[in-house]
Amino acid sequence: MKSNMSLPRLEDEDDLNVWERYVQPVFAEFTGSILYTFIACLAVSANNVFAIGIAHGFGIAVLCTAFVRISGGQFNPAVTLASLLSGGTGIVGLVYLPFQFIGALLGSAFVKASIYQYNSFEEIHGGANMMRGNRRIDPFNEYQRTSTWQINIVSIIIIEIVASTAVYLCYLLNNIDDRQPQRAPLYYGMGVAAAVISTYFTSGGGFNPAVSFAAAITSGYWNEHYVYWVGPLIGALLAALVYRLILGDRRKRLLGKVR
Amino acid sequence: MKSNMSLPRLEDEDDLNVWERYVQPVFAEFTGSILYTFIACLAVSANNVFAIGIAHGFGIAVLCTAFVRISGGQFNPAVTLASLLSGGTGIVGLVYLPFQFIGALLGSAFVKASIYQYNSFEEIHGGANMMRGNRRIDPFNEYQRTSTWQINIVSIIIIEIVASTAVYLCYLLNNIDDRQPQRAPLYYGMGVAAAVISTYFTSGGGFNPAVSFAAAITSGYWNEHYVYWVGPLIGALLAALVYRLILGDRRKRLLGKVR
Amino acid sequence: MKSNMSLPRLEDEDDLNVWERYVQPVFAEFTGSILYTFIACLAVSANNVFAIGIAHGFGIAVLCTAFVRISGGQFNPAVTLASLLSGGTGIVGLVYLPFQFIGALLGSAFVKASIYQYNSFEEIHGGANMMRGNRRIDPFNEYQRTSTWQINIVSIIIIEIVASTAVYLCYLLNNIDDRQPQRAPLYYGMGVAAAVISTYFTSGGGFNPAVSFAAAITSGYWNEHYVYWVGPLIGALLAALVYRLILGDRRKRLLGKVR
Amino acid sequence: MKSNMSLPRLEDEDDLNVWERYVQPVFAEFTGSILYTFIACLAVSANNVFAIGIAHGFGIAVLCTAFVRISGGQFNPAVTLASLLSGGTGIVGLVYLPFQFIGALLGSAFVKASIYQYNSFEEIHGGANMMRGNRRIDPFNEYQRTSTWQINIVSIIIIEIVASTAVYLCYLLNNIDDRQPQRAPLYYGMGVAAAVISTYFTSGGGFNPAVSFAAAITSGYWNEHYVYWVGPLIGALLAALVYRLILGDRRKRLLGKVR
């Protein structure tokens, strides 16, 4: 866990007990995943691309600040993977993964419990990502746009990869980097907001396999689901690669160590 | 009050006089509640879910930063309760409660004084929370949506509980926690914004019994009113429980103290 | 100027030369007023309450951060007055006033130069405040709403006073207070954004006599103009009164000094 | 590069090796330009002025925070020019320029690869700036407004110059100034957001020749293209002039050095 805490923490890290080293981080990722998934998926009811983007972004920002000194505040298996590969999160990160998925499933279940009647939950696909276009059939329903832009599966894979790389690279540089004077979880949230807004009408704005998977299970909507795994995973690898090889701080970077 | 000031304050805490220890905090909660309620309730006139969410969130953020070093900047009886139970606010917090309600009532009265004519104030229910759906009858009036999603009373109780827990837990971890290098009232506001946006078209986005109660009194709209007390109170208990038992800092946490 | 600089500045304050003490602050207020007025008034062209509120708020936030260590970053005669009365800005603040008005006039003139053709500039009243209601005649033109809420002159005076007090009090507590570890100009901007969004469809969201006056001159629209002077001035007096008497830090507060 | 790092960096600056001094900054500007251009240009698909402004602003904010300690986080040739002339970026800034253009071209190419079918990419002009008016032909398509305001080429040049000066001056005062306790890249993003929102329906909101040029190449839309070079370049000169002569810190300012 020490490697998870490369930036200052008020309680002395060497002094962390078992509870603080393992129980708290795992529980923090679990709780944060429930709450983030609940806010992010329910936000789709606002039926407005901008409200959705901001609810995702501000939700991540506030939860990441709250939990960043405990677990890193990731709530996203792909971010955990990128951070693990980059030396920001220790091997405990592997334990985060199942709890992120269970947490997301619980959060999504709360949304379903709230709006399960008739076809409302299915109508928004549990807030899941969805390939959608730029034209509205019903001008007042932004969720149900049609793909007159003929966006295809290759398009949305490209979009998910590039946007995921952007978000994860920003997470790494802002939250696990030795050169930052303090962790900057606000920017993780702003990056998520910008990426969701940009990609909502094309790929649907995924970047989080746990949320996508949970929403797919609870809503039964599996169309193009694998894209929301492939994009984030490749994005995580790319972000970790760039960080490890070129842009990382001196302790984590592999190249350019000679003077 | 010392326990209320777990994070650094430029004036030495031990040196606080009676004025700074009791008069200022209570007056700060009173003033802040007037101004927050005024901005939050009047914002409903903007008739746009997003504008409303941001006015709530930015309003809380700016007032909380302004008052955080004086009273904790809460303006919400449920947050005060959660902070009191978690060891963040001292017993003086009990005195905050009536002043938060009187302040909210005054703020709501100012809104009514401004837009009382004919049925405008009643039309927006004084800006009170309201169970609403996802379909618009009048496509340009977001306030008057109908519940075609068949949202029922159980749904909105679940929503209010989960969203309140999220907001209050973030308040605790960001503003009364020993591990934070500085209080982060901005994130309290961002959490409120995200939660209001997410829940506006289902439960109406309460999370603050003082504001809900004040708007109900001035507008005479009491439908499902108890939900906006039950949700926040259970949310406050859950947030305090999670903080006290598992996620809190070493001084306030009850479990996991052995090495 | 020393009293203007109650919070740390990297260059030693006692060491400030004439240029840094007088020329820079006045020029900073002048430049900032030009740029803020330009952004705020042109933003009305976006024809969307939320875009307008955010352009005002983010515009103030970024300019206030840029200039806060030079002049206090006020760009608003009423804020300067409140800060002067509260002991935050020295007597040099009186020199700011004419430059804020000339700057605002220049900024407004640039807007007019950009969109002067036919009646476009007059159509938006130069971006001036305007008493407006909650119903749209043309559903796609948010600027031209009608007052079906029967908002009257007393209403908008109340609104301008309460909202101005909120914004100015937040400026004082966040930017001139000894208890703040660092100035927080971001929150000045967020307060302006929240207040503009809340009040746009009733009073029009003024809070800045320099901008209101400049827009009135360049557009020739003087209806209810005095409200945008009376509201901010009373708001400035109330904010300064509350700060000086009750909520201020130990050095500036008049009451509660005995132990 | 030392002059590029006038504010604290955790790794000792004098100790930077060749990799950290040249390879990382250039690669950072290259990567950041790809990702920023991708997010900014794809955001036009959201078809909403506000979503577009926020995607630009938050995108810059998050990328600038991530890269500010490596390269300054500029991603904009005009900002690099202003910073170079103001003494904030060393001569290495000249090497940034081609990489910013190549990066922007790559980012724009990714957008084209994602939405190239039929005429979708051409329809949004690759997200390029475009002179547009305030009236919508199709009320649900904000991208295709018509110029009933009769905005002409002189108008949009004035707008681009004033808005660019505002954004760049804020970059200089917030990110390269000795008086700031820490770099404030958040405000660079907020300035971009406010400026894009304000100017979107008149000049289209450029301020970045690399992005404008890349979008023009990939979409083939060159109308009024030179405006998006002239405006930013004059803005950069004006911002650098004001900073160097009057508002800069003691080390970079040319006037007012005598006591």
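The letters A, B, C and D name the chains in turn, as written, and every chain counts its residues from 1.
Everything below uses one rule, namely that a contact is a pair of C-beta atoms (placed from the backbone, for glycine too) under 8 Å apart; a residue touches a chain by one contact, two chains touch by 3 or more.
To keep track of the chains, here are their UniProt names: A, B, C, D = Aquaporin.
Owing to the predicted nature of the structure, the values given are computational and were not obtained by experimental measurement.
*Asks:* Could you classify the chain B (Aquaporin)-chain C (Aquaporin) contact as same or different, where same means more than half of all interface residue numbers appear on both copies?
*Replies:* Looking at both copies, the contact residues mostly diverge.
*Asks:* At what distance in angstrom does the C-alpha mean of chain D (Aquaporin) lie from that of chain B (Aquaporin)?
*Replies:* Computed value for the inter-centroid distance: 37 Å.
*Asks:* Starting from the mean Cα coordinates of chain A (Aquaporin) and chain D (Aquaporin), work out the distance between those two points in Å.
*Replies:* 26
*Asks:* Considering chain B (Aquaporin) alone, which of its residues make contact with at least two other chains?
*Replies:* Chain B (Aquaporin), residues with two or more chain partners: 50, 54, 139, 186.
*Asks:* Could you classify the connectivity of these chains, where an edge means two chains touch, as line, ring, star, complete or other?
*Replies:* ring
*Asks:* Considering the complex alone, what residue numbers of chain C (Aquaporin) touch chain D (Aquaporin)?
*Replies:* Spelled out, the residues of chain C (Aquaporin) in touch with chain D (Aquaporin) are 8-11, 17-20, 23-24, 27-28, 31, 34-35, 38-40, 42-43, 45-48, 50-51, 54-55, 58-59, 61-63, 65-67, 69-70, 110, 113-115, 117-118, 120, 139-140, 182, 186, 189.
*Asks:* Inside the complex, what are the residues of chain A (Aquaporin) that reach chain D (Aquaporin)?
*Replies:* Those in contact with chain D (Aquaporin) are residues 49-50, 53-54, 57, 134, 136, 139, 148-152, 155-156, 158-159, 162-163, 165-166, 169-170, 173-174, 178-181, 184, 186-188, 190-191, 193-195, 197-202, 242, 246-247, 249-250, 255-259.
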